[in-house]
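There are two complexes below, and they share chain A, which is joined by chain B in the first and by chain C in the second.
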Partner chain A sequence: MVKIAKEKLPVLLQAWAAGAMVFVPQEREGTRVFLPWNGEGKLALGEENTLEPPKDLFFPRTETMYRYKVQGQDAEITEVPSFEDKMILVGVRSCDARSFALMDDVFLTKGYVDEFYRRRRENTRVVALACTEAAPTCFCTAFGIDPGRAEGVDVQMRPLDDGYLLEAVTEAGQELLNQAGSLLEEAGKASPPGAALPSLQVDVGGVTEKLQQMFEHPYWTEVSRKCLGCGACTYLCPTCHCFDIQSENLGNTGYKFRCWDSCMFSEYTRMAGGHNPRPSKKERLRNRFLHKLQYFPERYGKFACVGCGRCLDRCPVNVDITRVIREVKEVTL
Partner chain B sequence: MSRIQERMRARARELLAQGTVQMVIGWEKGTFWYLSPPVFITDAGECDRLVWDEFCANNLAKYLLDYKHTEDKIALFVKGCDARGVVRLLQDNQIEREKVYLIGIKCPGMKDGRLADALGEERRHEVPLVAKCRFCTHPEPVIFDELLGEDEGAAARDAAAAAEGRFAEVEKVEAMSPDERYTFWTSAYDRCLRCYACRNVCPACNCRECIFDRSQSGWCGKQMNRGENMFFAITRAMHVAGRCIECGECERVCPEGIPIMTLNKKIIKDLNELFGEYEAGIDLEDLPPLGRYKLDDPDEFH
Partner chain C sequence: MAVEARVNPLVPMEGRIVKIIEETPDVKTFHVTTEKGKPFTPMPGQLAMLSLFEVGEAMFSITSQGPEHLEIAIKRVGMLTEALHEAEPGQTVGIRGPYGNGFPLDMFYGKDILFIAGGIGLAPVRSLINYCIEHREKFGHLWIIYGARSPADLCFKQDLFENWPRVENCRVDVTVDKGDEGWKGHEGFVPAFVEKLNPSPEGKVAVTCGPPIMIKFVLQSLEKLGFRDDQIVTTLEMRMKCGIGKCGRCNLGSRYVCLDGPVFTLAQLKEMPNEY
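Presenting the complex of A and B:
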């Protein structure tokens, strides 16, 4: 096992940045977000997780799909150049690492491959960071996630008092460590602190089966009363992946783009004729929870929640998915 | 505070048991000690869920719109800002006065849940006021059917300080050069997620259908970029101009911490200078400056 001293980490990031775009949690206006490393930002690796999940690096908020030009009866389509940049994500927590696997299920499996997503995902290496402290809103262990060891990553980092232990998990990860060269030293017997243990706990066992019988249950009316119908929970969720496709029409030319969308919005399900099968926040909130806890498990055999707690942290009215899970399990059918 | 909480529960129980109202909207304890989110009670037996503590920051007025097409009469607990929100909805002809029963509470100023989390429960008494309460000019409800806690709840802030600091953030931005100001606003709104929490919590945002829920209209687009984000910000700010009740909920609920109230207060300050001092949501009879016409209205535009 090798380690790197804390003060040498920026040098390592700089070295990696020579051949790739390096994204790492940095301070921004009192919060932490993944930002490109340019050697000047303030690293925020010792704190709680980032305000926004890193999903936009694979699934940008807005992305041009193709451009078009119309002349008389002729139309010309121009493909956008494919994404060729290499990316290295550093400081990804176990919850967010799981979310990448879930997004992969959506964008890369079941016979559909989303080329926009695939290019970014395949060009990216992930360096995870073990959590040694849990925020009050963390509950990743409810989904069998180990806050001390991330799944599907290339390098696993563990914080030490004066630096980080680095362990290559994949060959690509080993290459990253090889690039670090003399910045690394033998870790010897350095023992990292134990993984964080979230205090917020919820037992998700049986929730899918219960929800399968609850579509028309009056519980949804009650639980949705306080919901504002905003999209904060969906846009801060590392696994929410809905998008809309629209065109920006500039006369004879224009472009097709896709951008994030949210099932919490009325427009999301509004039909061309004006009918809306999810007319109120009751149906929309129900959809959000059913998607995470019933539909996704039915389709992919996994929950679409990673217990990162971002929705719970930022919801203006404290709609709490752990409370919903508990209450769903308790309500009488 | 606990005495008010007891009276709160007792009154809610009476009103529901007597059938005076069909629902009571107040606050309950949330997931953590520093959260007191809204609660909706229809069963007199559940009134002990109601709480009154220093984290009842949510403005409840907007929820009345969810029930405007029902026959129900609703009791609402109102602090100063909730009451102003109700005046907003009444003046905008959104709700009927006789369908709401307002129980006023003199507000001592609410605490900042986010900072509370960082301090820890053992330092609960040190938690500072939430930003929206720091410059509150009306902590006592301006409209109510009955008032709880007549002897309690003198405002934690002094009114002079509130009046003085009210436009402090605006003045800072006004003092910037145009380029600095551009950077200030664009860097703030580059963070905007367009989650619309600000709009959805705002009692002045009471359009039956919002332009931003009609992205196919051609007026606005769904792209998350600087242009569209700024278009949203400016449109909303201008749409609530003269009607913003300064409850500060938009800024409090913003997940990205965008200084939305600085924008709203800039418009309030300009309106005050153009049309004379006006505070929205105080007096039912006093119409907003842009919602009335006077022959001597100024016609210059800043």
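Presenting the complex of A and C:
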């Protein structure tokens, strides 16, 4: 086992940044954000996770798909150059690491591969950071996630008092550590603090089966009453993957792009001609919770929630998925 | 253009509208081809994403095909369809597909088929009717029951009144909600017309498509006539953006209409949330 001293971590990031874009949580405007490392930022690898999940590094908020040129009846399209940059994500928590696996299920399986996502994902290495303290809104363990050891990552970091333990999980991870050279030292008997244990305990056992019988239940009217339909939950959710496709015209040229969309918005399902299968917030909120807890498990065999707690932390009216899970299990059919 | 080792399913081919047929005051059929010929070869019931680059992109059912082109019948209902209706032959379009499952042909081989459609709902059903006619020996009796609001709103009139009635062992019955001076045919709504014609469920499979309200009542009529849930097939529509099960919006429960549909049996539909 090797470790790196706290003051040497920026040097390591700098070394990695020579061959890739390194994204690491940094302080900006009083919050923590995954930003490219330029050697000067203030690292934010403390107890709290980033305000926004790192999903936009694989699935940007807006992404150009192709360009077009229109001349009378004629038109021509040009594909955009494929994304070739290498990325290294440093400081990814176990919950967000799980979300990458869920996004992979959506974008890389079931018959079609999303090329935009694949290019970014395949060129990325992930260095995870173990959590030593849980926020009041954390509940990752409900989904079998270990806050001390992330799944599907290349390197696992664990904080020590004066540095970080580094463990290569994959060959690519070992290569990253090899680049560190003399920055690393033998960890000896250094033992990291234990992993955080969330205080928010949620039992998701049986919730899918219960929800399968609850589509018409009056509970959805009740729970959606206070929802403002603002979409903050979907924006902050590391597993929400819905997108819209739009075009931007600039004279006789233009480009087609995709951008994040939200199932909380009425336009989302409204068809030309006006028919909307999910006309009110009751249907929309129901769809969001059923997608996380019933539809995704039915389709991919996993919950589409990682217990990061961002939605319940930031919802302006305290719609709380952990409470929904508890209440769903209690309501009478 | 970047050299692509893989095909990006979200980037369309450049296609061209080569022919436009005015079916009704608000429905036109567009024949679309590409420089390399037919964009792709869909199975009956499959879908295509059609776009005018500077306006938008939407999913349409493919109503028929020739050796060199696809036929897409489009009703004028929104921004993109309005722009398409203003287009002239020669217009460049984006096209990608084919998408969706199409009709489960195995279910139809050797059976008598009852087609029930209303308005533009005949478009997807027509792809199957034409397939059955092309492979006539594989299917039993074909019975087409079709209705529209008025005689002027009947789509595919040449098929309805000339081509299909001439097909061997094929029957066509047409109704309109309300006739005009020249109309000598049946007047009334499709579901009541179906009940009046009283087709026997024996050895049959029923295929229905039309406005949601028509589908709802046709399903009731078919059940009344003794059709079982696994003898009835319908095709759904939802708002779609990607067409490949990623963008999220066309889900019915855990299924995506673009990928797992648009064709479902009534038995499947009854297991899914009633949210379409």
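Brief remarks follow.
In the analysis below, the second predicted complex is superposed on the first by the 332 of 333 C-alpha atoms of A that agree within 3 Å, B and C clash if a C-alpha of one lies under 4 Å from a C-alpha of the other, contacts with A are read in each partner's own complex, and residues count from 1 in each chain.
Note that in this section a residue touches a chain if its C-beta (ideal position, glycine included) is under 8 Å from a C-beta of that chain, and two chains touch if they have at least 3 such contacts.
Predicted model only: the values in this text are computed from it and were never measured.
On the shared subunit chain A, the superposed partners chain B and chain C are arranged side by side without overlap.
When the two structures are aligned on the shared chain, A:269 is found in touch with chain C, with no touch to chain B. In the superposed model, A:1 lies in contact with neither chain B nor chain C.
In the superposition on chain A, A:331 makes contact with neither chain B nor chain C.
In the superposed pair of complexes, A:197 makes contact with neither chain B nor chain C.
With chain A as vertex, the superposed Cα centres of chain B and chain C define an angle of 90 degrees, given in steps of 10.
When both complexes are overlaid on chain A, the residue A:136 reaches chain B alone and has no touch with chain C. Once the two complexes are laid over each other on the shared chain, residue contacts for A:225 go to chain B alone; chain C is not touched.
In the superposed model, A:244 lies in contact with both chain B and chain C.
Of the two partners chain B and chain C, more chain A residues are in touch with C.
Legend: residue contacts after superposition of the two complexes on their common chain; A:61 is shown touching chain B, with no touch to chain C. Superposition on chain A places chain B within reach of chain C only down to 8 Å, the least C-alpha distance between them. With the contact threshold set out at the top, residues 244, 246, 261 of chain A are in contact with chain B in one structure and with chain C in the other.
By the touch rule above, chain A contacts chain C in their complex via residues 65-66, 68, 70, 73-82, 106-107, 110-116, 215, 241-247, 249, 254, 256, 258, 261, 263, 268-273, 275, 277-278, 283, 287, 290-291, 294-296, 298-299. Chain A contributes residues 28-31, 51-52, 61-62, 136, 200, 222, 225-226, 228-232, 234-236, 244, 246, 248, 257, 259-262, 265-267, 312, 314, 316-318, 320, 322-323 to its touches with chain B in the complex.
Of all residues in chain B, only 30-32, 35, 37-40, 58, 62-63, 66, 117, 191, 193-197, 199-201, 213-216, 221-225, 252-253, 255-257 touch chain A in the complex they form.
Of all the residues in chain C, the ones that touch chain A in their complex are 1-2, 4, 6, 8-12, 14, 53-58, 77-81, 87-88, 90-94, 212, 237-239, 241-242, 244-249, 251, 253-255, 259, 273-276.
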